[in-house]
Amino acid sequence: MNFQYLLELIGTFFFAVSGALAIQDKEGDWFSAGFTGFITAIGGGSLRDVLLGSYPLAWVADINFLYSILAGVIVAIIFFRVIIRLRKTFLLFDTLGISFFTILGVEKAISLGVQPEIAAIMGMFTAVMGGVMRDTLTNELPVIFRKEIYATACLMGAILYLILDLHTPLERNYNLIISISVIILIRLFSVKFKLALPGFNR
Amino acid sequence: MNFQYLLELIGTFFFAVSGALAIQDKEGDWFSAGFTGFITAIGGGSLRDVLLGSYPLAWVADINFLYSILAGVIVAIIFFRVIIRLRKTFLLFDTLGISFFTILGVEKAISLGVQPEIAAIMGMFTAVMGGVMRDTLTNELPVIFRKEIYATACLMGAILYLILDLHTPLERNYNLIISISVIILIRLFSVKFKLALPGFNR
Amino acid sequence: MNFQYLLELIGTFFFAVSGALAIQDKEGDWFSAGFTGFITAIGGGSLRDVLLGSYPLAWVADINFLYSILAGVIVAIIFFRVIIRLRKTFLLFDTLGISFFTILGVEKAISLGVQPEIAAIMGMFTAVMGGVMRDTLTNELPVIFRKEIYATACLMGAILYLILDLHTPLERNYNLIISISVIILIRLFSVKFKLALPGFNR
């Protein structure tokens, strides 16, 4: 429980770093970096909770999320030359973040009593919609429309988690580790081997 | 009642087809098509219900909407060469969809106790905001800002429905047919004769 | 109380004027002007209330807000050649609007029991997010990412209001006047002297 809470704060921190960096090519100032960092970090979870009518939102109820975001934005501003160079490290952190938040989002949705198919979508939304909002606000084509497998990996991991949860006696913690690992593997393999789903104009 | 429910599922199906096709000129893959199809289909109704605080959202409570969307996306992927060629058929289906969802949205809002003016806006939102979200996400200027009369037709039909509902003894089913027909006629006439509202820079 | 309500209606009116004018360079028609005017006027407050789960939204419960918006849009359509020329007057009205709505948003959030840090963000959201939605919908880079200090002024004023409210015995009305004045001064000075926060790529 405490360990999971710590992971949530760390995940929020990394989302904020990635959001703040989104402004690097724009004319954005420190405020812009904070704003995109904030939206990226809280967007997905907030959308899920608003769609499910689950109040209060996590970051409204618990001020620690805000401080995680603030720390992420400050780190991004101070160390951005270093972070930019560490593209591979960054990919890894982003992948850790989306995989973890996907499964947390699925669990939250299930706990609110929705059907598994809806929970899978909510899990994926939790992971990727903050980034989608960030890209929409900065006039970029959202990350989910770009080439490699991204949100699809989240959706696959969410479905796997739900199948293992509902149809096997596997304990929750093992299921968590397996599902998160599968998302990470799909994502990293698809980047390494430039895998993509079939295009629409085959 | 059952007939109306069937119409809602069919309308959702067509919105999903139209949303999935929005990705055709982009680099989008199957996932992107599913994502835009989903947003287009549930965006307007979800926005209405979130603004009115009406939970649970229809597609969260009833899994059949998700399957309608999935069917629409699959049809769009498989038959997209055919569908693209049938532009006129497509215009007809889109027009049927927005006219029907406008009046359903008005009725939903009225049933939640809002004033008629607000219900008219909610009806129009139900019909067009899914498309607006689709266009915003894919970096297009939203459909409602383009030349021909589109959302205005929905707004006119919504107002007509409310006037007939509140100030005449006309039965609901006749009112439904009249209002939907008026939206369809305004929309199709405006496309055929390239009618437009006065521009802002007269 | 009555005076504050009047100010809210006037603020809504000016936000609607500014939103309707956003469409001037596009191909938008009267409907587009009304749509962007509406979104600009109700977007920030609606987002705040949806994030806080506070229903009903003000403009849904009280039809006078809708009429203020309608009046603003009509004024923008009729007098837009005059308004465009009065750029300085317009900056002043926009500044009055964001400063006033920031503090009202803070007070609303505090009255709903959130912590001060969250209330500050909600105040800033109330003031600027309608404009952000307007810019996103019309495919512009949102106003908050542009050069001069804008949302930052709102955030500073919100924080000042909260410090004075929580840590001094200052009466609410004096606090209101001081905090609003500070936002106005920061904003107008930053425009006059082209002040900006440090850029991200120092």
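The letters A, B and C name the chains in turn, as written, and every chain counts its residues from 1.
By our rule, a residue touches a chain if its C-beta (ideal position, glycine included) is under 8 Å from a C-beta of that chain, and two chains touch if they have at least 3 such contacts.
From a predicted model like this one, the values you see are computed outputs, not experimental measurements.
Fitting subunit A to subunit B on C-alpha positions gives a rotation angle of 120 degrees, to the nearest 5. Residues touching across the subunit A-subunit C interface largely differ between the two copies, under half of the numbers being common to both.
Separating the centre of subunit A from that of subunit C, both taken as means of CA atoms, is a distance of 30 Å. Subunit C has residues 50, 53, 136, 139 in contact with two or more other chains.
On subunit B, the positions that touch subunit A within their shared complex are 20, 23-24, 26-33, 35, 38, 46, 50, 53, 55-57, 59-60, 63, 66, 77, 80, 136-139.
Listed in rising order, the residues of subunit C touching subunit A in the complex are 50-53, 114-115, 117-118, 121, 132, 136, 139-142, 144-147, 149, 151-152, 155, 196-201.
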